[in-house]
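Two complexes follow with subunit A in common, the first pairing it with subunit B and the second with subunit C.
And now, the complex of A and B:
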């Protein structure tokens, strides 16, 4: 696939996503609206990883950590401190930013597999921590009854209103990605991804751009984590288990790194496939993983992945 | 610039990787429009020396001065903005970035007061490398070795350097390509840059103001304004006795 064709496909993909999102809003069943809300929020996390991995080339498994800061932050701040859900969402995002800046400094000194291993440990540690910090997080039972978001007096607790909100958030995230990817920042991040020393020789402050990618990705994952918990009104450790860590990665690699459409497609495929396969009972996982294998064999770089020469 | 016309000065620069000495103290200075040739066999410390000048490796001792400013403590990305550009060994290919992306990165590293609009600056540099203009929107991983070398030089030039460090620009290139790369370098040397050129072999490039350093085993074994002959080089590289 050549670069101009890829660009055309990307544009067609964006139009198709918009069409599907509008169609579901107008005529979708309750289940479809629910599913597509989940897809939008999941896609935000995938886009955040795309920024970090697809652009800046930093293999990090830590996105679930920032989802957890957002999710638990929103739940605890609204229920324990009685804060407005919007305020809780933004305070959580700031906490994620702070965490990203603190842990990012030592972590991003690591390259390649070492960064992957360290962030994997962070993700596992987060999962264990929220399961064990019972006074704060209610342990493995989790926290239910998280209040919904509201716009003025209009409560966003109807599925359709939250659906619209989620896709606006996802659309803005796509826009942020596109603006960064096509600016000097994105170019510098891509240079860091393929050659740190060369990037430095071209005047790129490698440490700063890695940190910037890590911080932006953390904030996006946190916002998605908060919205998810506001939507389902529940937060528990299982939302941030290894399954989720792997899922976010699979969604990105199947959709395609460095693309704006890929993460949405990856999130949609991997959210919906298990539901369609549910009827297969004990064969569900087998068929699902064969499906993943076929996708990876057909599109090794992801469906909208980078052009290969 | 200092009163004696020196732009770049290496003052007893030495580098160690862990406990291994990679480079014993080296001192030299370079003026605008001059050529400093650094010769030596594999592993002699040539790359280490230019990396030390560019800020890509830490010095064990010594100082690097640019135009009366001590830049020893500055990291590589800030030295570029001061005017020291490095064309790295192996040409520094950045897969996934187009030729234009590469040029934009270089242009962005130029000090704002020294750069005009990108299109104008790029056109001036591309005039020297017309092949790149045809490849402007191609991924740089599709370029041949020679084309990539030209791109590596072009993007370094867009950073508006005063000192240009080139690490083995002829390595792995076909003879015709080497000739074309050197033709471009010849035009640059006349243009007021201080050029520091690393090669293994003698180079087809002369300047009225030139210094040659020969490194062997991390040590300067020859330093002077004349070029050592091929026999002398062989003697210096292989430790045979020079026939003076």
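And now, the complex of A and C:
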């Protein structure tokens, strides 16, 4: 597949996504609206990983950490401090940014496997922490009754209003990714990913660009995490367990890096597949596994993956 | 020619018990070509690494005019106008030849993250201007037909010239060439020599490190010879050529050198 054809397919993919999103909004069942809201929020996290890993080449498993800061931040700030949910959303994102800048410095000095291991440890550590820090997070029970977002006096707790909000957020995330990817900043990140020393010799501040990708990805994941908790009115440690860590990666690698279509495709596939397979009971996992295997064998670089070769 | 010299003063680097570079001093003036030769393991490539910030010296200093480069990060040194090429020509794989050159022009982009995210008009204007310059550079290097090709598909020779084009794109005042002629055929070598002379004529100070002794002798205005990390001779190329210590270290190469004159 050549580059111009791939670009056309990408455009077609985006149009198709828009069409589906609008169709579900107009005539979708309650379940479809619910599922597609989840898909939008999941896709945001996958796009954030696409920026960090797909673009800047940093293998980080720590997106769930920032989802947790966003999720728990929103819950605690609204319920315990009575803050406006929007304010809580942005404060949580700011906290994620702060964490990313502090933690990113030492972490991003590591490369490849070491970075992967360190961020994996961070993710697991986050899971342990939120499960154990009972005074703050209510431990393994979690926090329920998180108040919904409101637009003035209009409470955004109807499924459709949250659906629209989630897809607006996802759309903005896609825009951020596209704008960065097509700019000199995105190009510098790709240079860092493929030839860090060459990039440095050409004047690219490698540390700064890695940090930037890490920070932007953290903020996006945090916003997605906050929105998810606002949507379900509940936050608990199991939202950020190892399954979720792996899930985000799977969605990106199955859907494909390098464009916005892949993450949404991956998010959709891995969110819907378990539901369709639910009827198979004990064969559920096996069939799911085979399904993923086939996808990876047919499209090793992801269904909508990079094709430059 | 105008502009400050790149000055190395008593640079020393040890790797464990091995002395890679010992008490090295040399200067590169703008508008000149300074050759650095020596047998394998003499410390030539280490020297380039030391100047460009990839390796920290144990002693000594590197200065460019008033700026002390000794402890700066590689990107900062490139930002001050001292650029290097790599011995193993490395493509930025996955990027096209055109994009490789654009990365070379990275430092020309002044738009901040905010401007890029908001897609302010200045951003597009800047991109277009730089894209134009990139096109011109590709034409000058004869790489235009390969512009949309993934850099990892280039032949060795093409890659070498891409690397030089990309490094020149960063508008250096001092250019450190690490074995640029290695692996090139005679036609490519001649083209390379013409390019290097062109750089010198445009006021760039070139430090030319290479194994091909006649190639270096042919091009340089000044020369330094290293062996086992130390300078064994330095100065005018003709003087150096006749120096008995250099002849000792270079028995075979010296004969080639004479044949070239």
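Here is the rule we go by: the second predicted complex is superposed on the first by the 308 of 309 C-alpha atoms of A that agree within 3 Å, B and C clash if a C-alpha of one lies under 4 Å from a C-alpha of the other, contacts with A are read in each partner's own complex, and residues count from 1 in each chain.
Operating definition for what follows: a contact is a pair of C-beta atoms (placed from the backbone, for glycine too) under 8 Å apart; a residue touches a chain by one contact, two chains touch by 3 or more.
The model shown is predicted, which means the values in this text are computed figures rather than measured ones.
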Superposed partners subunit B and subunit C on subunit A - clash or fit: clash
Which of subunit B and subunit C A:47 touches, first, second, both or neither: neither
More subunit A residues in contact [subunit B versus subunit C]: C
Partner chain(s) touched by A:235 [first = subunit B, second = subunit C, both, neither]: neither
First, second, both or neither for A:68, with subunit B first and subunit C second: neither
First, second, both or neither for A:180, with subunit B first and subunit C second: second
First (subunit B), second (subunit C), both or neither touched by A:195: both
Residues on subunit A lying within both footprints (that of subunit B and that of subunit C): 3, 184, 187-188, 190-191, 193-195, 197-206, 306, 309
Subunit C-facing residues of subunit A, complex: 3, 176, 179-180, 183-185, 187-188, 190-191, 193-195, 197-207, 212, 306, 308-309
In the complex, subunit B residues that touch subunit A: 54, 56, 75-78, 80-81, 85-86, 88, 92-97, 101, 104-106, 108-109, 137, 139, 141-142, 155-156, 159
Subunit A-touching residues of subunit C, taken from the complex the two chains share: 52, 54, 73-76, 78-79, 83-84, 86, 90-95, 99, 102-104, 106-107, 109, 111, 113, 116-117, 119, 123, 127, 130, 148, 150, 166-167, 169-170
Residue ranges of subunit A in contact with subunit B within the complex: 3, 184, 187-188, 190-191, 193-195, 197-206, 258, 306-307, 309
